[in-house]
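What follows is subunit A paired twice: with subunit B in the first complex and subunit C in the second.
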Partner chain A sequence: MNAPYFKFGYFGDEISLIVAFVIGIGFGFFLERAGFGSGRKLAAQFYLTDMTVFKVMFTAIVTAMVGLFWLSVFGIVDLSLVYVSQTYLVPQIVGGLILGVGFVIGGYCPGTSCVAAATGKYDGMIYLGGIVVGIFIFGEMFPLLENFYTSTAMGSVTLPELFGMSYGLLVFLVVLMALGGFAGAEWVEKKFSKGTSQ
Partner chain B sequence: MTTLAKAASPEDIAAQPVVKADRKVQPYWNPYLAGVGLGLVLLAAFVIMGRGLGASGAFTSLVSVGVNAVAPEHAKFNAFFSEYLGDGTHHPLKEWLVFEVIGVLVGGFISGSLAHRIKGTVEKSPRISIRGRMMFAFVGGILMGFGAKLARGCTSGQALTGGALLGVGSWAFMLAVFAGGYAVAYFFRRQWT
Partner chain C sequence: MKALFSKLSFNQKLAIVAGVLGFLAIFAGSPYTGNTATMNVKDLALLVEREADHVSVDELADWIIKGKADYRLIDLRSEKEFNEYHIPTAENIPVGSLTDAGLMRNEKIILYSEGGIHSAQAWFLLKANQYKAVYMVRDGLAEWKDRILFPSLAENASAEERVVFEKRKAISIFFGGSPQTGTGDTKATPQLAMPKLDMPASSAAPAGAAKKKKKEGC
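This part shows the complex of A and B:
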């Protein structure tokens, strides 16, 4: 067991920034390949005419989740060293709702707006400006929000722990759910894109 | 992959006559194929770094540095900004996510160039004016920035990364994003459909 490599000291902070840059290139590349530089394609998810957002997101989640699971089973990755962010249930749900509304109004999320801006979309560039302002407002309001922000803390709890299931079983269930979701997405797309696309 | 290799060939590009300015825009990849690619990038981040991807965190570093430049005392006494400014042992922009997001810009540009998709344009339905769309984009960005901070991450850091790691908060967040989007989509349909 010698991964995650950074945590085992194979390289230091300076090199990790180069790794960040290279991983970012891969991230941006596949986002653009999927069509996520286009606000219209992203927003179409919410009008059921194009379910690409759902398909790409869940394929990526399943790929990384299953890959990490097997790498840990074979003893290559020490899962306890992979950072799982802390759960603060209610602020995360409220934040998610606000973010979902922002997604429909703005057409992007932070990562995809970078790709949009990099491929010449003026609305993507304006959107990035909006993100900066939104974060500034949050920061300025932080003293008022702090109590809510740190409420309903549950630590870095995972779904297998919450449901008292084994890691492997939960991974399997998520894969099944995703496959069902893909079948549903294909059906929905066929049903709702009729007449809107030539 | 074949189309990618073809477009990447330098002789190919050099051989193109200059007058052929409007090169054919290539179609997007199959979503499942792009998803596997994205998933492998995320997996690489887990295996190499022991952490996932992100985006909004990089902008928080940027905002914190900006606030600090204008009003250092103010930034110091704000628990949110001061956390991102760090303890002074390294420059606050020398952050993993900042470098990752610079990579995202470069990666998006590379992919867009290879597929001839770089174009100065505004993404919108013909039913809304450019001015109206730009206003919505700005307001949407503000909501996104605020929401992402409240949720401790955005679609990259929470939904994608936390989703793959089976974090409880991340899954609750992901469901909330879709719920919020679908709840209001009808009211903004002129912008997109």
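This part shows the complex of A and C:
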């Protein structure tokens, strides 16, 4: 049996919803275990006093990347079937900045606000309400935004294609970047948390 | 060496594992399984038997009306025939240039030709090349004309048949066809004008591929 299971038709739409539910619960559980159910911990990332968010996210990226790479080299996963979302460069940069600003102000990103709300934190629930309002406004405004939303389309590109390098070399470079990032993060943490008492 | 390794923290050991796997990745070659993959004959035979790879013209019409954009509809006929008429939202890729036309293996691909033979052959070509979600329009464009564009109702049709026909009529008009009522014999209407191309295509596919569902999230 090869992955991805859904694309190969090992299970249908209904089962896929159950699988998505289980994965979602697991995702939320580990976010909570990493301490991401607390807006303080998440906001600390932006004041450089606590780099946990950076470390957890980069660990996830490297684990998934190395895992997918080797699983597909051994023929267990068909990488060409894994969904790569489309790139719209400028709108996605703008969207990323908006999300980042909301992240700093609200202390959560969409996923972690669900975790916070699930553990009964009021700020998480309010944040979640804000997401719903935001989605509604965006949906209503979409006809106005559509031209911008679909501008600078690049299709589904991956970094190896973009830079014209081999897939393996890119994996290695990202791993190096992550390892360097971890070392840098520890250094930054020490430097910036000196003044503040933890 | 062993003593040195045991002194490292668990995180440092994990970092070393990541580093080694990343370094070896340089020499592991491309992770994409290319054209050399073998095809599972039994698997394909079962697919054929179950007819899981068929899309009826009714389903297709329904999807086009609803503006679903999660598939690519491929017209396998020649460019000339394509320009005369094609099913709205279709793109023209003759069989010969199928595998280098930039179709992605993870896309839902629906094939049609005049009848059913070319699309069935193209289906095998794509399946053997590891395209996963490939479908054929059952009986092709001929069936599309019969059932969607020019549905007909016999004079002695039952009440039930008439109700069904009313639905078909609406669909037919949407696609610019002309429903045939009254005469049951086809000789009376030898020349059925094909609908103009720009009519349904513009209303049926508002934003095309740009409206793909987002599947990611933080």
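Some notes on this structure:
Quick note on the criterion: the second predicted complex is superposed on the first by the 196 of 198 C-alpha atoms of A that agree within 3 Å, B and C clash if a C-alpha of one lies under 4 Å from a C-alpha of the other, contacts with A are read in each partner's own complex, and residues count from 1 in each chain.
Quick note on the criterion: a residue touches a chain if its C-beta (ideal position, glycine included) is under 8 Å from a C-beta of that chain, and two chains touch if they have at least 3 such contacts.
The shown structure was predicted, so the numbers you read here are calculated from the model rather than taken from an experiment.
In the superposed model, A:Val115 makes contact with subunit B only, not with subunit C. By the document's definition of touching, of the two partners only subunit C reaches A:Trp70; subunit B does not.
When both complexes are overlaid on chain A, the residue A:Thr52 reaches subunit B alone and has no touch with subunit C.
In the superposed three-chain model, the partner touching more residues of subunit A is B, compared with the other of subunit B and subunit C. By the touch criterion defined above, A:Gly180 reaches neither subunit B nor subunit C.
Contacts of A:Phe142 after superposition on the shared chain: subunit B is touched, whereas subunit C is not. Shared-chain residue A:Ser166: touches subunit C; no touch with subunit B.
Of the residues of subunit A, those at positions 7, 62-63, 68, 81-83, 85-86, 99, 109-112, 146, 149, 156, 167, 171, 174, 182 touch subunit B in one of the two structures and subunit C in the other. On the side of subunit A, the complex with subunit C involves touching residues 7-9, 62-63, 66, 68-70, 72-73, 75, 78-83, 85-86, 99, 109-112, 146, 149-150, 153, 156, 166-169, 171-172, 174-176, 178-179, 182.
Listed in rising order, the residues of subunit B touching subunit A in the complex are 28-29, 31-32, 34-53, 55-56, 59-60, 62-64, 66-67, 78-81, 90, 94, 96-112, 115, 117-125, 133-134, 136-185, 188-189, 191-193. Across the complex, subunit C meets subunit A through its residues 15, 18-19, 21-23, 25-33, 52, 104-106, 130, 132-133, 207, 210, 212, 214-218.
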